[in-house]
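Have a look at the structure below, then the notes.
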Amino acid sequence: MADHSAPPACKYFNVTYPLPFVAHVEINRPDKMNAFKEEYVRISSFLDICLSTVLTLDRMWHELPPLFTHLSTSPSTRAIILSGAGPKAFTTGLDVQEASQNSILGPNPDQSRPAPDGARTATRLRRHVDAFQACISSIERCEKPVVAAIHGWCLGLGVDISVCCDVRICARETRFAVKEVDIGLAADIGTLSRLPKVVRSGSWVKDVCLSARDFGAEEAEKVGFVSWVGKNGGKEEVVKEALRWAEVVAGKSPVAVQGTKEVLNWSWNRSVEDGLRYTSVWNSAMLQSEDTREAVMSGITKKKPRFAKL
Amino acid sequence: MADHSAPPACKYFNVTYPLPFVAHVEINRPDKMNAFKEEYVRISSFLDICLSTVLTLDRMWHELPPLFTHLSTSPSTRAIILSGAGPKAFTTGLDVQEASQNSILGPNPDQSRPAPDGARTATRLRRHVDAFQACISSIERCEKPVVAAIHGWCLGLGVDISVCCDVRICARETRFAVKEVDIGLAADIGTLSRLPKVVRSGSWVKDVCLSARDFGAEEAEKVGFVSWVGKNGGKEEVVKEALRWAEVVAGKSPVAVQGTKEVLNWSWNRSVEDGLRYTSVWNSAMLQSEDTREAVMSGITKKKPRFAKL
Amino acid sequence: MADHSAPPACKYFNVTYPLPFVAHVEINRPDKMNAFKEEYVRISSFLDICLSTVLTLDRMWHELPPLFTHLSTSPSTRAIILSGAGPKAFTTGLDVQEASQNSILGPNPDQSRPAPDGARTATRLRRHVDAFQACISSIERCEKPVVAAIHGWCLGLGVDISVCCDVRICARETRFAVKEVDIGLAADIGTLSRLPKVVRSGSWVKDVCLSARDFGAEEAEKVGFVSWVGKNGGKEEVVKEALRWAEVVAGKSPVAVQGTKEVLNWSWNRSVEDGLRYTSVWNSAMLQSEDTREAVMSGITKKKPRFAKL
Amino acid sequence: MADHSAPPACKYFNVTYPLPFVAHVEINRPDKMNAFKEEYVRISSFLDICLSTVLTLDRMWHELPPLFTHLSTSPSTRAIILSGAGPKAFTTGLDVQEASQNSILGPNPDQSRPAPDGARTATRLRRHVDAFQACISSIERCEKPVVAAIHGWCLGLGVDISVCCDVRICARETRFAVKEVDIGLAADIGTLSRLPKVVRSGSWVKDVCLSARDFGAEEAEKVGFVSWVGKNGGKEEVVKEALRWAEVVAGKSPVAVQGTKEVLNWSWNRSVEDGLRYTSVWNSAMLQSEDTREAVMSGITKKKPRFAKL
Amino acid sequence: MADHSAPPACKYFNVTYPLPFVAHVEINRPDKMNAFKEEYVRISSFLDICLSTVLTLDRMWHELPPLFTHLSTSPSTRAIILSGAGPKAFTTGLDVQEASQNSILGPNPDQSRPAPDGARTATRLRRHVDAFQACISSIERCEKPVVAAIHGWCLGLGVDISVCCDVRICARETRFAVKEVDIGLAADIGTLSRLPKVVRSGSWVKDVCLSARDFGAEEAEKVGFVSWVGKNGGKEEVVKEALRWAEVVAGKSPVAVQGTKEVLNWSWNRSVEDGLRYTSVWNSAMLQSEDTREAVMSGITKKKPRFAKL
Amino acid sequence: MADHSAPPACKYFNVTYPLPFVAHVEINRPDKMNAFKEEYVRISSFLDICLSTVLTLDRMWHELPPLFTHLSTSPSTRAIILSGAGPKAFTTGLDVQEASQNSILGPNPDQSRPAPDGARTATRLRRHVDAFQACISSIERCEKPVVAAIHGWCLGLGVDISVCCDVRICARETRFAVKEVDIGLAADIGTLSRLPKVVRSGSWVKDVCLSARDFGAEEAEKVGFVSWVGKNGGKEEVVKEALRWAEVVAGKSPVAVQGTKEVLNWSWNRSVEDGLRYTSVWNSAMLQSEDTREAVMSGITKKKPRFAKL
């Protein structure tokens, strides 16, 4: 049975189980402040780079889909913490300096070659962005709750990633920025689609997205971007709180927890009517569970409930 | 003409008119902290209980649709207060202990009978949840504004009900919880569909729904779940504020107030474009009213306006 | 080339360029607290007034579409400030007293004539509201960011206008009100469609829309309606802050800024999936820009980037 | 158990079970060509009639919701035929002549009374239309397939009703018309919302709706409005075919048949993505059925399958 | 009053009133088979042409919005016929040969100049296409029914235009083609958005759009693209039929006809539920019309009804 | 560069290139009438089978995603034909007999074991159906046009697959059936979500889905399910026609063809307004192509155009 199967091996992400049913995923490139790397083999022109996008294998974010697909269905996992390794950052986002040397953001090395056809370049860029988005979205599609425990810098792609998580909490000194407008492109890996749905102040969302200014933990909490801020303990404190939260959630019925996440995600984008109906259809199967009785009995007998794996 | 017709008789809800045009509905089972009851005649198996759902008449929430349908069209009603009787609770939600003995949440009393067909059980459960949702939604569908004046405990079904109201205010000591994840099922009577639409801190919504932790009045106000919190006066203070608010609203043109509620509800779930168009079509009829002139004249002459019934 | 072309001449709006690429639009009827005027030639009956709606040329809001359409595509404009002239108000909204004398809100001057056909009156009213909405919506459709710098009174139509802006900031003493319910009609020029999308405390939105009570700057900031409040400096302070913000935004790549506004506006009303796809298609063209390289190089060389016009 | 419970008694509809699990509902007012009646107690003015709408009990369509709600959950019913009694018509729709004497369509009997307030009249008319639509929609909401067996005249409300059915078949001599534009109002009981979704020749839909011309069986089949036309046998032939079809459907697994109807109805109005997901959630419960095995075994053993009630 | 006001003067469209309340619009460039012209002043580069798009005034389609906006609200107009002048064509679409010489489709005349910035070119192209679409969409937004009477060639832009009309009828010899795939671009003025909604066969729609093959009247009728085909009389016959149809529609209540068009257009893109509600709100005003009584009385007294203007 | 890279090796699908840029995919299990196989390693219980779904590698449909993802971006491919190997069938769908022995459709081999928890079983079934749907949907997501050349039997999953194709053509003797209702489950791999969107005779769609009756080529063409039927030549004739069609499409600009498919697919599920905007954004990049000039010049010079790869 697949029960205790290990997660897929990752070069850039640590995966541990600090508590039963609680997985801890660490973005693990601390010497570069967990910046997301994309490294190409040597290629000579802008056009060639574009053409190669679907083939290149060393993009750091390519490890996310197999990892979160595994966690999504792993019966040993009921809650997930996502944090950044090292003391300085959750992640500073895409490593732009690196990218400026050898990627689609870099200078056209051969000015004498004719400009590539605009439509064909656009096709390659679109496929690249679609694939990049799909990798990051794998966090959102994970059936288990994911809490982002953020500290230090959380810039650009860091925000894209954190808005895919269910719950965001952060250390007091954390600094955030929707940085993409500063590198000359609209934030294209998901922040612009998701931020208006998780933070209620339209004025604030447009302010931080259009000005690319950074903002701190206190402001993030005031507008509802994060739901908890540490007192002063830095990274350790926020990870500890994430563990506490994850432990609580992992102790509930996995049928109830995963159904709650799913129904919330569905309803978020749809009308109340469609949300209600989806809920009743979903629960028509999910109420046929021993967990319901186990939970009710536990409430009456005051004994800790035990739920079968899912 | 139906003008002064009485609301339908209710066993579990008090209805009074403390002010002209202001109806006060009280959830009225104070000895059980206003928990919602469902009581069946003696039945012997899980399957039978399911089969009987559409026939059973003693579900406390069955009284809501005729009551709120009446208020929705009663010309004597322009604003509605919803509160809980007794000093302890708005409502503690579904009476789970009761339900655990004789309902779909209870133990299967006859283990020797074969398990019922999963698809057939699912059909019955879905019909049950659909009907339950429809009863609670009758509060949202009411054409008149409803303000929930909340005190004490507001748990589970209490939250489902309060998110159907237009405005939520509460006493300082109020405690809320989206409790369903604790009884092993996704909150299925509307909270998961509506909460993300009335409180847009995504992180906070997922926190309280997935952890089932309780939260107080101050936190509820900070995230925008309630829009007013009492200073310290308990239930009396919050009901008094609700009466004050309802009196203000009942003094406005009922054409304008009911149109405002309707257009807000429509727009909430739809695009700005669809909202604007619905508004112009709605008002193409509603501007043909003496109320407009009455209100404008009142503003100029500083006399209190008087509006015909609606 | 159209680059330095002047904006269309306006009677009720001042347009200046206090900083490079930053346009400042002032609502300019300070002696009437910037109330919006609609003045008709003498007409004798309610029916006639309705019939004339599409023909009348002296409505103050008719100047908005040509103005904001110009700014939307003017290469000299990268950010826009909208404020009210004079010390007292952003705008007190529609000039109801004026309107009560000679418009669709006024008394029927000839009671002896038969009431007009309800359906035909409705058609004319709908066309009037549709046209009115379209004028105000031209601010929202403007491709450049618009920051509303609000002071003094901001009532009724003032709120309709401010929710069309991207960012709202205000002076400390500002007072707002969704006033329409007081003149007997649902707020029909956009507040009801847009307010729930920019302030997601459902309870607060319904409170202020149904009660028409006014509220101040502090409350507006708490619920996220504005994202900055002045300390105590009144109008000058808020305009200064708006200029500072606009200057920052105008210094970014216009390709990135306008793309960010567009993608945010699109995503706001649609599902995450539709938002992500629109982003990737949009950026498939927009990444083919020198701005990306210019911005990246600027980050590395620490020199201020210079972007071509757009 | 409720299994053999009788349908609610109806004055205007016959309900029989000509075959096991097949209900036959006949519109039963043959002497008036099955026209839909609404009969009021004597009332003296237009305003009064409007006010009385929610109170009046003798509207023929008021019998539809209890009838189709019963059939929707009756385990004895797996397919439903809807036809008109007598040789002349399915139904000629709303009895306009009757309505012209004593209803909202009739002349204002008292010209000397002041015209009622436009907004209040509109409210009453909207509630009337909403209630009328809800009655007719109860056919669409029925969980069991409904086949309309149409003959003779099928006018106005007859088309509204037939587009609520799943399958439409008709006798060769049948004549249809979307008649409402001829009585001065948009077809308001559902044809305009549903016809574009079941017949996707946009040009033809607009032709018949805007011109109110009648059309015959052959044309109805060509554009896909009906899916079967009798050869020449009149009403008997079409009812016989409906029985044959219903018998086939009633012989299938009710889990599969009702799921197919539900998933089709859901998908019709939504994106492919939302349709696929709803299908997988629905079937997650429905595949847990003995019917699947019964059906597969029947295919292999060539024995007629027998399915438990639902 | 505006009643008999003339339509705006047009260079490329004839407007006549062959029957009371029936406007006949002819595309009028018969010597060029009614091809749509866009003529620029001499410009020297691809970049310059793009920049000038919003300024150029001699685009043939720029005449459509003022014309159809006029007809939309003109009380003298109740139905509109759209046809092509001359014997050869409805229209052969955009005059590509002309465009190839001096427009955005033409060759880049100056290969030595640097390629323009891709993002800036994209912005100009998008604004051009948006404006072009808006001109053609003015036909769809017209509140009065429009019947396209098509003969001869109907290519490219001709199909874009015809799918904006409510009803399409054609002469027997008509040839259609969705031609854009042949000039290297997706049909971008509306066919791809509207054709799937007016012709029900997905397979056929993709066939003709992807292959650009032409098709005749018989095939167009079979798939529901047109709802009437002439016997053999060519242009005269189809215009005569259009006149006959328009006369029928113009004889109905304009309140009912315009409401029917509006409600159909709204429902087409939305769910049945949203369609039903919009209908009831729309009709809450529209039923307050003398037309209803006039029409009912006419049905009873067999006299031709007379309706007031709208 | 990846240009001539081979498609991934497939066990159950043949891939050839009979013409330049035209790929031919054959479902290749002719001895079993191309039925879709799923073969498991020996497992002993129903529960275990469910648990193993994500691990099992020998499902025939698992080959579709890598194959169609390759074709989607392969520059050597501009049009795709999908047909069935052998003389008898396109495909008879899921091999139910096989499935009845060792899959989720088979009998529960061990009646003495306790029934698994309903909620956990539902989770596994949902994941299974989601994954199955995703495999089939890879055909629809392919960026190149796919024409299904159908002959013989096309049952169950065969219909699911064919509705993912852009164009459907068939031999005269072809027989289709939406067979799933016969095996006791709603057609869950896409037919119910897609069929109403490609064949808009609502009555016919519900007839064939609810009765599971088979239908022939002539009927399929009449309702628009297929857009071409062979005269009498069987499989050879339909494949020949598919080749002819694919050759035509492959000769067009790939920028135009792929854009047309994409914009049609997007618009199909969305409003006209969203379709128009997506088109203009898409084309803002795609018009920046040499293909446009090449195509226009070709039209003028009458020489066959040559387009660069994409």
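Chains: A, B, C, D, E and F, in written order; residue numbering restarts at 1 for each.
By definition in this document, contacts are C-beta pairs under 8 Å (C-beta built on N, C-alpha and C of every residue); 3 or more make two chains touch, one makes a residue touch a chain.
The shown structure was predicted, so the numbers you read here are calculated from the model rather than taken from an experiment.
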| message | Along the graph of touching chains, what's the shortest path length in steps from chain B to chain F? | response | 1
| query | Among the other chains, which touch chain A and chain C together? | reply | B, D, E, F
| field | Chain pair equivalent in interface to A-B, over half of contacts matched, among B-F, A-C or C-D | value | A-C
| note | CA centroids of chain D and chain F: separation to the nearest Å works out as 35
| said: For chain C versus chain E, what separation do you get between their C-alpha means, in angstrom? | reply: 32
| Interface hub residues of chain A, defined as touching at least two other chains | 118, 121-123, 197, 200, 223-224, 255, 270, 273, 277, 281-282, 284-289, 291
| Linking chains that touch, what shape results: line, ring, star, complete or other? | complete
| message | Under the stated contact criterion, what part of chain F meets chain A in this complex? | response | 1-2, 48, 51-52, 54-55, 73, 117-120, 122-123, 127, 255, 258, 285-291, 308, 310
| message | Under the definition above, what is the set of chain A residues touching chain C in their complex? | response | 96-97, 99-100, 104-108, 118, 121-123, 125-126, 129-130, 133, 137, 140, 180-188, 190, 192-194, 196-197, 200-207, 209-213, 223-224, 269-270
| request: Write out the stretch or stretches of chain C touching chain F in their complex. | output: 266, 270, 274, 277-278, 281-282, 284-285, 288
| remark: Residue set of chain D touching chain F in the complex reads 145, 163, 166-169, 197-200, 223-228, 245, 248-249, 252-253, 255-257, 259-264, 267-268, 270-273, 275-277, 279-289, 291-297, 299-300, 305, 307
| note | Residue positions on chain E within touch of chain A in the complex are 115, 118, 121, 273
